[in-house]
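Both complexes shown next keep chain A, but they swap its partner, so chain B is in the first and chain C is in the second.
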Partner chain A sequence: MNGAELHLLRSCSHWVLFALSVVFVPPLCLGIIRKTKARLQNRIGPPLFQPLFDILKLCRKGETLSSTMSGTFRISTVVVFATMLVLAWMTPWLCFKPWSPNADLFLIVYLFALARVFTLLGALDSGSAFGAFGASREVTLGLLVEPALLLGLVALGIFCGSSDLRLVFAYSPLQSTGVSGAPGIWLLVGVSILLSSLVELSRMPVDDPTTHLELTMVHEAMVLEASGRNLALIEFAHALRMSILFGLSAQCFVHAAAAVWRMSPLTQGILNIAGIGLIAISVGVLESLSVKLQWRKVPEFVAYVVSMSLLAALVAAGSGVTKL
Partner chain B sequence: MMSPIDLCVLSAAVLACLMVGSLHLRLNLWMYGATTMFIALATAMTAQAHAEISLIYIALLIAALKSAGIPLFLVWTSEKLNVHRDVGAMIPPPLAMHLSIGLFALSFILTRGLPAPEMEATGWYGAAAGISLLFTGLVVMLTRRLAIGQILGFLVIENGIYVFALTQTLGMPLLVEMGVLLDMLVGVMVSGLLVFKIQKSFEHIDVAQLTSLKE
Partner chain C sequence: MRNYAIALLDDRIEAGLHGNLLMKSAEIILGTVVLLTLAAVAAFVLSHQKKLSNRLMSFLLCALAASSLAALLGTGFQQFTYVTPAPFLLGVFPMSFRLDGLSRLFVGLLSLILFSAGLFSTGYLKHLEGRISSGLYWTTFLLFSLSMFGVVLSGDAITFIVMWEIMSLSSAALVGSDHSHHLVQKSALIYLSATRIASGLLCGGFLWMHSLCGSWSFVDWNFGTAQAIFPALLILIGFCIKAGIWPFHIWLPYAYPAAPATVSAVMSGFMSKISIYGLIRILVQGGLYAPEIINLAFFLGAISAFWGVLFALVQNDLKRLLAYSSIENIGLILLALAIALKARAANLPIVADIAMTAAVFHCLNHGLVKSLLFLCAGAVDSQAHTRDLHKLGGLAKKMPWTMACFFLGSFSMCSIPPLNGFASKWLIYQSLFQSAMLNVSYIERGIALATICLLSAVGALAIATFVKAMGVGFLGTSRSTMAEHAQEASAGMRASQSLLVVMCAGLGVFASSAVKFISQLSLLSRDSAASTAVDFPLSIPLLTGLLVVTCLIVYLLFLESSKVRIFKTWDCGFGALSTKTQASSDSFAQPLARIFRPFLRYETNSTIKGRDRRHFPEEITVEVKIVSILESRIYLPSLAVISLGAKGLAKLQAGSIHLYLIYVCSTLVILLLVGTAL
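Moving on, here comes the complex of A and B:
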């Protein structure tokens, strides 16, 4: 086998692995969180792949549409799902991600924002009052958490001298040189992304995803009117967004560890997947132990996320000064 | 390259900055305890690095008195007085936290301009952490209205002075250091009693309202 064939084989295997992870990691992520919560409540809980079965079941169901809906509702779901797929392809949330054209950090943050805008439009278009409630809350949360996420990623960008996340994470085993040293900044940014993902996905300290009270819902209120295949797409897009964000923060933690101990690309890949699982478990534990924050206290929680990003930016700026 | 001592004092400074973000008294006091524990750890490591046996005793004393004793006493005081949250003044706590992180950055710039003969790598980070703790203490004193919050700010400032002295001059002689610790303990006890007294006379411990005592 010559070099070109080997390269082709490697990129093919990356594509296959990547496709498998895109299909199976998001439902598994949700499944792990639900299983952890169930075990902590002394229940057996649903099987790990139950979210996937749920999505398949939803695909076979018929759907009901409100009479006030225009075409925006249908378009929004498709746009959100497509944006998430593009994001999954571009964002370096996995070590073994195949080649992609671009991964500029601003592009990624604002593609997330685009997906959010279309979820909002869908919620407003459904004509239900709860949808508008959820949409207004979602905008507030997005407004609060976007600077934190952006600042953390920009800190990484300054530190590595590039706004392209591909270069920042140097995910490919072929370019394993990457950015080493300063495990501190990786750790800070990892924590910052993890905490901001909790806000972004409206999970526990900010919002209870299993609540049955429409008045306090954030994400669930926006998808109340969706049913059948629409709901399946929305659920999968949400799970995909969760695994992308968890994966990014797991990548940060893996890089922090790789700066201290040398590890092979294979170990990094395994640690990456294991890290997503561990984060899901810890989110499950957190959701079982903590109580929902008062809505007015949410900015205080977000302030801590911003602080992590600020500290990371300080480390980045400091390392720039010492390099000179 | 950062040494473990630098890492400890910098963690203490960062933890103090994060402390500013919450108005919950008990959380604040325990975070102050953790900050002081990092400083005690740094003292112990300095003792090991320079083979100074007296610093070990100081580290043990700090861990026992400052990082456990004082928070315990103040938590007990706040439980007795039945106050759990500060009201906050001037700047809201999240912004105050970001301000103290900004001052943390400023302290690095200030340290560069210090007219020290020759700063070793260790001394440099230590000085920055010390100055940052001073600033953080100042921010705490500015943003708290309850007397316990004022005591807390004073304690953080004291920590800053101690860190600065430890990293620049290897600390004071054992006797002076023990005297300072004793004074601190007595100071906190007396101010605790004073807080009780204020509560008894005015039915609140809001220092902002004490200005009305002026004729």
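Moving on, here comes the complex of A and C:
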């Protein structure tokens, strides 16, 4: 095989691997969390791929729409799902990703905002009080968590001298120039992205996603009116959002590790996927051990996350690394 | 020989056909100004023929705006200066006009906004019939339009201030055009006094600069010297008042909602940007370096952005919400301007170019989007006869076109890609990011990071604000019979909204060309060779295409063929939902308002009454109270002090001629004494 063929083969295998991950990692993430929680409660729990089976089953069912809805509801589902697919392609949450355009960190954050706005509009469309209160809480969480997520990514961007996340998370150039030699920043940002993703995904300790009505106040309340294929799309988009955020966080941890131990791309890829799994397990453990915070205490929890990101950003800005 | 002269500053233009064409185009733009004056006179003459004058004037406005837009495309990149000949002197001074890159951009924006306002007028004015006088409205509106052209084209301080005054007074008259309401009268008065203070400060600054530089022409003014700090401060504050920057913004949430929608669209879309234009033309291009002034502008911009959006969130009047959101965006623009000045002073040309392009691009974007949103709000107002979010809702099925336009405008205000709001917000972020990376001083880096944090919070609040406006205003079920009987707006109104939507989407998708174009206009200094093109590396067209295609595929694959059953909204089995069980504008904003209650002085009082009030309440009332600290703690007390002082002074005017003679005599004596002492 010559060089061109090898290149083609490699990019093809990247596409295949990436497509497989987009389909299987999100439901697996949810499955791992559920399984962990079940095991900690001395239950056997559903199979790991149960979320995928649920989604497939929902796809075979019909939809029930409210008579007060306009077209906004169905459009919003489609837009949210499509945005998540595009985000999965653009965001470097996996280290074996095919070619993608400039993944500017501000663009990524505002694409997440695009998905959020459409989720909110879908929730408000039926005029149901559940949807509206879920939406109202979601915008509150969005306000609290967006600075943390953005600052965490900005810290990495400043540290690596570019706002393009492809360059930030690229492995080889960083290792050769020794920029990744500060595991502290990677760790801090990894933890801050992980904690902000818990808020962003409305999981414990901010919201309990497994119950209905009283305890579940944010995302599940927003999607209460969805059913059938609509619900399948929403559930999958939510799981995809989860794996993108967990993946970013896992990437940060792998970078922190790579700063200390030299490792091959294959090991990094395996560690990347294993990291997402480990994060899912730890989220499961966290959800079994902790209780939901009182709604009014949530800003305090988020304040820790924001200050962690700010610390990382200040350290990155203070380290005086100039452009690559 | 022609009786006027177009002096071409740029020698590179060869004479001949090309040169003639350029001159013609410049003439057309200036001619637009003259024709607008004539049209204003015609409107005054025609004031009794309501229907005819409405149609004719809307048509004239559109035609003139279109001709100036067309002429603009023909003028290329050269600079022109035009000085009025002998009979058209202002007293002893000739009026001079100047057309260069910066003014060209603003003329373009103004023409676009006026064009859509003209299109919108015919349908919209029916709704105001009997409430406003058509002749007065059109006369002042056309004067307002021509004065805005005049301000943007003026080449010296005298012309500028004359046009500025016509603009301020005519817009004040327009704000008061629906003057049968008490609130409108009050708003017009507040606005008028704000413009007086602004004009006073500007006049002071201009006079001071004239005495320093010995010229009225903006080209000769140099703000790089140490003595120029105070006039620069006067000019900055004057423009800030007119733009509605915190803490001078209090006139704005009164004036915009009170004015007819076309007027508030032009005022918010363009008039507030004129202050930014003035700041760029006078202070930025005048070489302002004083760190005190720059830091002040930075601080005011950042506070305005936050303050504006925070108060926008808790508003219940659709137009008032948009007015507060204008404060936010003008704050962002001023912030970007200050970043550019800071970077220029710190010798970071890359950051300065990005921030300057961001400021001007955001002017353009916000101008288009905000006029679009005000026009949509006007359409809602004219159809549902209310702007109160507590009475709206359910318009999605009644006014789908207006809703789509309002939604797209709102997405742009939330800076959601791929619309234009995102492109300029990205440039602001990028300038801060680069500044956090490249700045020598660690403190400056920290400030840049903190500003990024603030901007993202402002962005999230903007999302909350506009989701509230969209969701409560248009979705769900109607909260009043007025909203229930609303119908789609007329074709002209829809056309003008759609035009602006297309402009917004176009500027967003092709942002990289727009950014390149704007960055080459040499905004930071007067010599044209100084600027470099700013890079906009995001592939927005690809992203847009991808999003659209993915949406279509997902829709066709999943939802197109799915079986749909229409049923009622989930009601927990309690039976039919009433419209009051929907979230209201207040309840939607409550969690966020609670977090910021120290700023908003947010209070809720709820009473639940009834015999068995726990299970079967008979009467539930909730009252939300928000007080603006600035207004209640600072402005009203200082106004009270002023009126107390005025009452004291009024005692001097006793109406007795003997007393006045004593005043005259004693003044003379004092002046003579002072004169001899000096």
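Operating definition for what follows: the second predicted complex is superposed on the first by the 308 of 324 C-alpha atoms of A that agree within 3 Å, B and C clash if a C-alpha of one lies under 4 Å from a C-alpha of the other, contacts with A are read in each partner's own complex, and residues count from 1 in each chain.
Throughout what follows, a residue touches a chain if its C-beta (ideal position, glycine included) is under 8 Å from a C-beta of that chain, and two chains touch if they have at least 3 such contacts.
Here the structure is a predicted model, which means the values were calculated and not measured.
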| item | value |
| --- | --- |
| Clash or fit (per the criteria above) of chain B with chain C on chain A | fit |
| Partner chain(s) touched by A:Pro299 [first = chain B, second = chain C, both, neither] | both |
| Apex chain A: angle to the C-alpha centres of chain B and chain C, given in degrees as a multiple of 10 | 90 |
| Contacts of A:Leu20 with chain B and chain C, given as first, second, both or neither | neither |
| First, second, both or neither for A:Leu9, with chain B first and chain C second | neither |
| Which superposed partner A:Thr68 touches (first chain B, second chain C, both, neither) | second |
| Comparison of chain B and chain C by chain A residues contacted | C |
| Partner chain(s) touched by A:Leu107 [first = chain B, second = chain C, both, neither] | second |
| Contacts of A:Leu311 with chain B and chain C, given as first, second, both or neither | first |
| Touched partner set for A:Leu56, first chain B, second chain C, both or neither | neither |
| Touched partner set for A:Thr83, first chain B, second chain C, both or neither | second |
| Shortest CA-CA distance between chain B and chain C [superposed frame, angstrom] | 8 |
| Intersection of the chain A residues that touch chain B with those that touch chain C | 299, 306, 310, 314, 317-318 |
| Chain A - residues contacting chain B, complex | 299-300, 302-304, 306-307, 310-311, 314, 317-318 |
| Touching residues on chain C, where the partner in the complex is chain A | 393-394, 396-397, 400, 403, 407, 411, 414-417, 422, 425-426, 429-430, 433, 436-438, 442, 445-446, 448-449, 452-453, 456-457, 459-461, 463-464, 467, 470-472, 475-477, 537-539, 542-543, 546-547, 550-551, 553-555, 558-559, 562-570, 577, 579, 581-583, 587-592, 595 |
| Residues of chain A that touch chain C when the two form their complex | 59, 62-68, 70-72, 74, 77-79, 81-83, 85-86, 101-102, 104, 106-107, 109-111, 113-114, 116-117, 120-121, 123-130, 132-133, 135-137, 139-140, 142-143, 146-147, 150-151, 154, 157-158, 161, 163-164, 224-225, 228-230, 232-233, 295, 299, 306, 310, 313-314, 317-318, 322-323 |
| Chain A partner contacts - residues on chain B that touch it in the complex | 14, 17-18, 21-22, 93-95, 97-98, 101-102, 104-105, 108 |
